[in-house]
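In the two assemblies presented below, chain A is common to both, partnered first by chain B and then by chain C.
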Partner chain A sequence: MVVTWITLLAAGLGAWSVAAATLPLPDYYLPPPTAVLAAFVDLTVKGILPTYVFASLRRILLAAALGLVVGVPAGLLLGMSRRVADFFYPLLNFFQSVSGIAWLPLMLVWFGFGERTILVAVNYTVLFPVIFNALLGVRSLPPLYANALRTLGAGRWRIVRDVVLPGALPSIATGMRLGLAYGWRALIAAEMLVGAHGLGFMIFNAQSFHLTARIMLGMGLIGLLWVVLDYFLLRPLEEATISRWGLVQR
Partner chain B sequence: MLVVAWEVVTRGGLVSALFLPPPLDVARTAWELARDGSLWVNLAASLGRVLLGVVTSVPLAVGLGVMVGLNRRVAPVVEPIVGFFNALSGIAWLPLAITWFGLGWTSVTFIMFNTIFFLVFFNTLVGVRSVPRTFENAVRTLGGSRRHVIFQVLIPGALPSIVAGIRLSIGFGWRALIAAEMIATSTGLGFMIFNAANFHQSDAILVGIITIGLLWLATDRLLLQPLERRTIERWGLVSSQS
Partner chain C sequence: MTAKIALKSLGHEYVNPFTRERVVALDGLDLEVADGEFLTVVGPSGCGKSTLLGILAGLIPPTRGAVLVDGRPVTGPGRDRGVVFQEFAILPWRTVERNIAHGLEIQGVPRAERAATVQRFVEMVGLTGFEKKYPHELSGGMRQRVAVARTLAANPEVMLMDEPFASVDAQTRITLQEELNAIAQATRKTILFVTHNVEEAVFLGDRCCVVSRRPGRVKALVRVDIPRAQRTWKLFTSDPAFGVIKDHVLRLVRAEVGGEEGGR
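Let's look at the complex of A and B:
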């Protein structure tokens, strides 16, 4: 398996180098892999790359934390009462289906070009799918379980802890995954449009100067960071919920 | 009720109209934009791009996904690669697309293609691979040929995953489109609202946002969800808990 991987990688890089060297295109169309590597070294030495990576990561992690701390409890709370849930369901559904990027123009009017606009857009994009799915998770629980516990004399807190939370967990995990996936892309787009640090800003800015190697480097990092985020943040969350409380068939 | 509250707050002068225009103004702007036709032109441009993205990428992605999924040696190698491009999908392609194709239709279509293609490809691949081998062996034992296995076991078994992938990919594609239109085109709903921001026309922005939200909800509710439900009901015999 590892051998296949290395062979494949080498073949890919080789084909890329050959194509970059032989195709009758201007250099900035397809820079060779060595140029991307050079860009990586150059930007790391100058300290730009670590700053940008850190800026993007900080923004998405902040949004993830907010989703967990605020979004999940809010969704659970709203889902607890049938009437409240019915009222908020269409509203939340609307807000979660409009991406934060669509709000960006209005946010620019509200907050101007700057960090605040990016943060609001990303947090918005993450928060609503999380709240919506938490609410959905609670609402779709069969009342049977809560009634069974209540019959046995359980209090309200007991029901929240032993029925509502575990029952809604798979849906919460889905919401987190969807919210963060949307949020990561919204972040890149917001950084492009608002332009204050970050990987999105880096690749967009590089485009105006035809620094294609930088674009490719940025794209590689964007993909890689998501894989890392997925592996260290989302997978553990899903494993802790779906496998443990394997109520949902996926 | 919410609209009334919105109206009261904005009319009462608590919030300036530049920040949040009253709903009546938004409705009037919507009416004007609809009458002079610009709303429809932009709406048609956006919908056309989504459609173009779907038509070009979905058949290719499903076909390729099934082909790769069939090969037990190739599939585990390809899966993480597609997964990586999946992580990269959407707006991150924009700078490269502009470098290669310039501003305009081609760039946006390229982005839409990448977003939808890799997601559907990935889901098809995973779907085909997660069909329990028992089913395949059962058909084989009963004398089924390879064609039987492919068309009567693997593809139906993968269908729920494929359809889920299509639904998800259009969701991602739609969002990427709005962002791409803001930067790379001069038509479409994304362009409309971003352009309105330059002129501080908050009411036009809100018209755009509401249109975008309703359009996606309508597509999802009337087209994608029924499709998904029907596939799962029809082919839902396959358990994914293998």
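Let's look at the complex of A and C:
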């Protein structure tokens, strides 16, 4: 698996180098991988890249925290009553599908060209899938579990703690993973339009100066950072809950 | 002697959400269960047996009549009445021992005492060695053993069982029935056991309550005067006394299903 990946990567970089060297195009159309590497070293030494990466990560992690602290409890709470859940389901579904990017024009009018708009857009984008999936998680739990616990003498709080929360956990993990994936896209878009920092700002700004290598570097990092975040944080979380409990239960 | 459980002209009606028809599930059902008695309730599908059990558990409010346990009216679920459900109702995210300990946790029993009690019931239902397993790693029969142990460990006054062995295979069912018989003998708990299986009802019950087709009423109460110690499937299939009672109950049930195959 790892060997295949390395071979593939080497082949890709080789083909890219050859194409960059031989195609009759101006330099800024397709800079070679070495130019991207040079841009990486240059921007890192100058401290610009770390600042931008940190700015983008800070924004997405803030949104993740808000999703966890506000989105999850909100979704659980809404999911606990069938009537409330039925009422909010279409609303949440609606707002989940109007992505933060679609809100940007309106948010620019309301919150101006600045950090505030970026944060609102990203938090919004993360929040709805998180709430929506937490609600679904609670709703899809068979009432049998709560009923069984009530016959053992459990009160409301005990049922939330022992049934609702663990039962909805796989769905919560899925919601967090989805929400952050959407949020990461929205963040880059928002940074492109309003940012003064961040990877989105970096690639959009570089375009005005034909700094193509810098654009490619930014794009590569956007993908790479997500893969790392997903692989080391979100996927293990999701898998731990789903596989351990064998939620392909019958 | 006052009855452990008394059902007084119990009625339950509901509106079917699909057909919008009014359904009378139970109509004036009177029944008394003595302390320490094992009463089985048998009747055709849809006769309201499960509704009856849900009402006793306090999960379904009756629309008419009253349920008394130890002379006190039932107003909701409570730990004096433990329930073993037909579907697997143990929590998939808890291990066997944590599931069995759940009732004790809720009662606030200290950890050390809890562990000792759990161990006792793990042994009683034959799950030694499976304490750390999750339900999805167990067979259907083993999951129902966990459910029975969870209810027993919580030490309820009354045990309510809703076709608990209906979804396990025939071999396992026989084993579970023999085990439950032994448990009933050992614990002397008051048990109300709902089933549509006539053999099961006769094999397990001190008395067997035949419920009429909907709207459910008590059609007959049949006493099964065979000591618990003699209740093994081997004897059950050979002892003519068992056979006579079984045929009698079967006839009563078949009359209710109107010639269809009653019992299994």
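The working rule: the second predicted complex is superposed on the first by the 239 of 250 C-alpha atoms of A that agree within 3 Å, B and C clash if a C-alpha of one lies under 4 Å from a C-alpha of the other, contacts with A are read in each partner's own complex, and residues count from 1 in each chain.
One rule holds in what follows: a residue touches a chain if its C-beta (ideal position, glycine included) is under 8 Å from a C-beta of that chain, and two chains touch if they have at least 3 such contacts.
These figures come from a predicted structure and were not determined experimentally.
With both complexes brought onto chain A, simultaneous placement of chain B and chain C is permitted, the two fitting side by side without a clash. By the touch criterion defined above, A:Ser81 lies against neither chain B nor chain C after alignment on the C-alpha atoms of chain A. Of the two partner chains placed around the shared chain by superposition, chain C is the only one that A:Ala154 touches, whereas chain B remains out of contact.
In the superposed model, A:Ser17 makes contact with neither chain B nor chain C.
Angle at the C-alpha centre of chain A formed with the centres of chain B and chain C, after superposition on chain A: 90°, rounded to the nearest 10. When the two complexes are superposed, the chain touching more residues of chain A, out of chain B and chain C, is B.
By the document's definition of touching, of the two partners only chain C reaches A:Tyr145; chain B does not. Touch criterion met: A:Ala189 reaches chain B, while chain C stays clear of it. In the superposition on chain A, contact is made by A:Leu91 with chain B only, not with chain C.
Between chain B and chain C, the minimal CA-CA distance in the chain A superposition rounds to 12 Å.
Residues 249 of chain A lie in contact with chain B in one complex and with chain C in the other. Those residues of chain A lying in contact with chain B across their complex are 1, 4-5, 8, 28-29, 91, 93-95, 97-99, 101-106, 108-110, 181-182, 185-186, 188-189, 192-193, 200, 203-204, 206-207, 210, 212, 215-216, 218-219, 222-224, 226-227, 230, 249-250.
Considering their complex, residues 2, 18-19, 76-77, 83-85, 87-96, 98-100, 172, 174-176, 178-179, 182-183, 190, 193-194, 196-197, 200, 202, 205-206, 208-209, 212-214, 216-217, 220, 239-241 of chain B touch chain A. Taken in their complex, chain A has these residues touching chain C: 142, 144-145, 147-154, 158, 162-163, 166-167, 169, 244-249.
Chain contact summary for the complex, chain C toward chain A: residues 57-59, 76-79, 81-83, 85, 87, 89-93, 102-103, 106-107, 134-137, 150-151, 154.
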